[in-house]
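In what comes next, chain A is part of two complexes: it sits with chain B in the first one and with chain C in the second one.
And then the complex of A and B:
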């Protein structure tokens, strides 16, 4: 008897739709990596979503805005599982996320199965997400990984005079994509890529790669990030190597620059490119950094927002602006919301962002260099800015398509006018 | 719960009552209740509970069941079962249809499913043949090493396994006009295969092969002296367990609609062991109990933390604490807790009638 009582109580618990949503609120689901190499950056993403919502008073379009966090571990399996939980169990209307490249591609495919919901990319940067067979309800307000690399190649060739490089980059979609952006630009500027090394994401032993790096190069391009970057630098230091470094976008992010230990000092003088410069003098950026620093106590945040944080912040801004635009009306399969997201330019701390026909942003890329901040820490200083970088890196869509997708062997440097 | 399978490790010689019951009567009522509950679940659970919670539970339960078979009946703790499942999943993606048209061969389902099971079974058998030459901790080490090698191989190999990205858009075939990826059909599909696997494991455990295997577990020397081929029995146990894991792997790739190296990464491999230990490797129901607990923790622990005003990003802590508490209070898993509770109830007698025991 008691057993059947328990059984019926369990059954009752199942019947209760836990996503029971009040009519006057809109729920955001934050899909973010809180495990693995990017856990620190992911936590900053959550902070920035909170910041954006606080600034809006947790209200948009006359409705209350609530949010749920779904942690992933940067594998596409988990991302899709958590997305499904957000939509089916928690009843969210809009997903903000994911964080990493392969998750983004998985979410593009998942988005097609929920056409009446909206997915706004967090900070994942795989080119394919909005380039190959994009989903109509997937929006990306950050530049993709290839765009982030644009401009750096020309900079190192023309300003630094580094013409021969070897590259070490993470062996997964973001690694290829970010490398492609750098390489296309670098090769067009006449540079030569001597050798390419690919290291698995999450590896801790880089000894083999470091030992086989060629000596006769001007610089080494490093396209790894998070804890991988710190591990690499540690071992690079221990091996006594002193070649110039060129950083991929996530190489000299706040997560690496604020790490403990001296290994990161190898980065001093390293040029990198990315969608932000923490000392960008523009007013929008300065105001945002101030708001970020005031919103959280110093030991619970980075000195200035990380790349991951800014991505989630802008995605939340986009969601709020679109909800305001449609007056909180998510009816008709969120058609009005989708229209508002894709057609309106968005003012962000990084300048105005506009989406193209694939719902992919075009915007500015910043070239920065790592310097000693005089207090024992490191910081990025703003060097140059490349505006209006498009998804196709200034090529026509046909040319860009003909070049092929990012992979270990693409782009072909010689075909772009460079060597190697 | 008077489970329908013989408890392990105890040599019970039940003195059955003289009149032989019909088989229907021999099934304890709890099984009827459980069966009815699971069969009618779609009437009262939402799609998420069906597809995500129970679908995933049955799949993980099947993979852990294959481990339970090896560990419980064969005394071999193998960490390769998740990799075998992933191998089957990969084969479905490679021989069947996926979003990676350059690699996938688009064979019909009646061809690629047997191929996937066959290849996964061969893979499991080869690993088994290597592993049976070791005992105890060394079996764990060698299978873990092969699992790690499998993970890194799939991540680095682009010509067959498509590297880090893996395969996307792998969906079940539309059989009998049903979309098997819809929550209710998928729920019954996984329930059905889980029940079949469970039944087959029970059957095999009582068949001569299973009894010989348990004999080998308890005393390999004596079994060898009796003329049993110890190594052959152990390798065959791996083959049998691999088929169950392969079935689960196919269901898993259909549920996720994609497969990538992370599917059989080291954390996933360890999770299967955790599931089996939580549930208890004494009996075949254990892995399913463990899988349900694991899935519930995995799915809802961030919400639980947030309810108590804690930061949701520490959800792994809750899973870890739960696991530690369980291992501390009951080294033989949830089933062990249950058995002890039953024993205490039996000693204390019925609170209403005062009758002792059953």
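And then the complex of A and C:
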């Protein structure tokens, strides 16, 4: 008798917390690249999820919010494996991630196999993720790679007078997509693309490509990021080249600007475009930067949040707002949560974001230029802002569809009114 | 060399022909027809030099790796971590003292010491158990990678070459003609030429030590038959220590080179481990000239591939490796 009492008490002690937890807490799985070219950006993503959760007191919709981090290495198969681990082993309700373009496409397909869970994109920017056969439970609150490039083309033609460019960009989906945004705009403004070079992601030696760049161009567009960008700039310096540069969105991100060594100095004066400007004067942005800087000691963060960080922050905000909206009710295959995510405008540090019928955000793009900050470092300064950039870059969905998906040869510059 | 020519007259002829064509392509002025097929000569020359200098870097990493394998039958999968560690330490030294050259001896000594500790404290305890040693080196590489991530963080580091090596230098090779008929000389990054020169010096020195010194004789004897060497009274543990320390130090110095013309960040360790594995598989495990040829072939394949067939450039190295494994599994200069 006594023995069984003890046994049941022990059993109760074990049962109670876990039973209570299943009801009172919601688990987020953070799928983020912590290896490879974007490792440092990925780490900033994790920091920003923590920041958003801290600000909410680790609570939403009356429930405790917990999170699990699953590291990937920017390859789609690792991303899916880690996502399965999050859902099947860790039992998470919502996945926030992934970080890179081809991972995003893999996760869109994976999302369809778990219709009663929710995936909120981290910062991956492939157009196809929400454009081609989108998954009903995959939500993207950041602009896609093509949107990030919008506005830069007009800017370099009109403000800088650079009409002829050669391009070097990474040979994968984000490289194509980000380039498409720039090229559509650049060609519509009358620019000419003389030659296009595509380099494999993870290339570390660009000597041959640098030598192949034509001499008679106004500028070179660089659509590489992370360590690839630093390797390129380093070798570009060593080869003594001095043409103007135009940066793709990840070319002059914090990951590149905070790298150690002097390779990055070649970027001074380079205009880039992207979903954020670190000195954006708007109040929402300034408050967010302040919160970020206060939340982490100076040597454990970037001077201001990186592109990757902001993406994960906004994705977490979206999750928290939707959980609040449905009062923490994830029943019925999370149907109410999906509805809340897709229908409510979200106030973010980058302005209000609304999702379209593909659950893809429309929002603002910022044009910035790299300058010396006077303390031996580099920073981006705000130059212009283009609002309401839609998924179809201002075209109708039919026109945009007719143009075709981003690829090495798309867009056709001449067809858009440019040359080349 | 002579023995090779008498044994393989056909192969010698083919190799000689390829080398002659390459030299002719490099030094001869190009006609317009050739430029139509191969693109501008400047591009071709840059790809060739890029490949050769990249091969020099691969050689520095892989020669230590192949030496350690040849003597101790120890596949040191932590070799890439030693490379990355050397690079980071080199960055710190050159940043603090302002001297790029000083970084080389400092890094060599520090990483070689780490190599000595590893050999003496870890691998010696499991001598002859090759699988166990290999597993332990994988474990060590994971631990070292995390420690380096902890100390240096995830950002990229580039080591700045000194002023006398920054920018391009002019080589006495004609890369093309201006419309006025004036010859344009090839401009190439000075630092990469310096590294190529250094790699050749290191390679020749290693060859001399191996073939002309007493230590080299012991090492060669150890590669051939370890047990017999030990039985004849040589303190083989000291030979092991010397080779492991030297190989580790060389990998560390290669880290500085890599940090100067590429960059350092987490993940570079496995990239260079993979590169050295491919190089020694192609060249032949345990052979220094094999490592040199393997490194040259892989470096050239990567660079020519990137320029002339960017889509498939990643595949070329592995195609070469597969071809070597299929037709000459012991490697180009390896012994069966």
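Going forward, the second predicted complex is superposed on the first by the 399 of 420 C-alpha atoms of A that agree within 3 Å, B and C clash if a C-alpha of one lies under 4 Å from a C-alpha of the other, contacts with A are read in each partner's own complex, and residues count from 1 in each chain.
We adopt the following convention: contacts are C-beta pairs under 8 Å (C-beta built on N, C-alpha and C of every residue); 3 or more make two chains touch, one makes a residue touch a chain.
Computed from a predicted model, the values in this text were never measured in an experiment.
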Superposed partners chain B and chain C on chain A - clash or fit: clash
First (chain B), second (chain C), both or neither touched by A:382: neither
Touching partner for A:226 - first (chain B), second (chain C), both, neither: second
Partner chain(s) touched by A:70 [first = chain B, second = chain C, both, neither]: first
First, second, both or neither for A:296, with chain B first and chain C second: neither
Which of chain B and chain C A:262 touches, first, second, both or neither: second
Which of chain B and chain C A:43 touches, first, second, both or neither: both
First (chain B), second (chain C), both or neither touched by A:58: neither
Touched partner set for A:204, first chain B, second chain C, both or neither: second
Partner chain(s) touched by A:35 [first = chain B, second = chain C, both, neither]: both
Where chain C runs into chain B (options 6-14, 24-32, 78-86 or 132-140): 132-140
Chain B and chain C contact sites that coincide on chain A, given as residue numbers: 34-35, 39, 42-43, 171, 200
Complex contacts: residues of chain A adjacent to chain B: 3-4, 7, 11, 14-15, 17, 34-35, 39, 42-43, 46, 68-71, 73-78, 80-81, 84-85, 88-89, 102, 105-106, 109, 171-173, 200-201, 407-408
Complex contact set, residues of chain A against chain C: 34-37, 39-40, 42-43, 171, 197-200, 202-212, 226-227, 230-231, 234-235, 237-240, 255-256, 258-263
Residues of chain C that touch chain A when the two form their complex: 39-40, 42-43, 45-47, 49-50, 53-54, 91, 95, 153-161, 166-168, 187-192, 259, 261-263, 265-268, 271, 302-304, 306-307, 310-311, 313-314
Complex contact set, residues of chain B against chain A: 30, 33, 37, 41, 44-49, 51-52, 56, 99, 152, 155-156, 158, 163-166, 168-169, 256-260, 262-263, 265, 267, 299, 302-303, 306, 312-313, 315-316
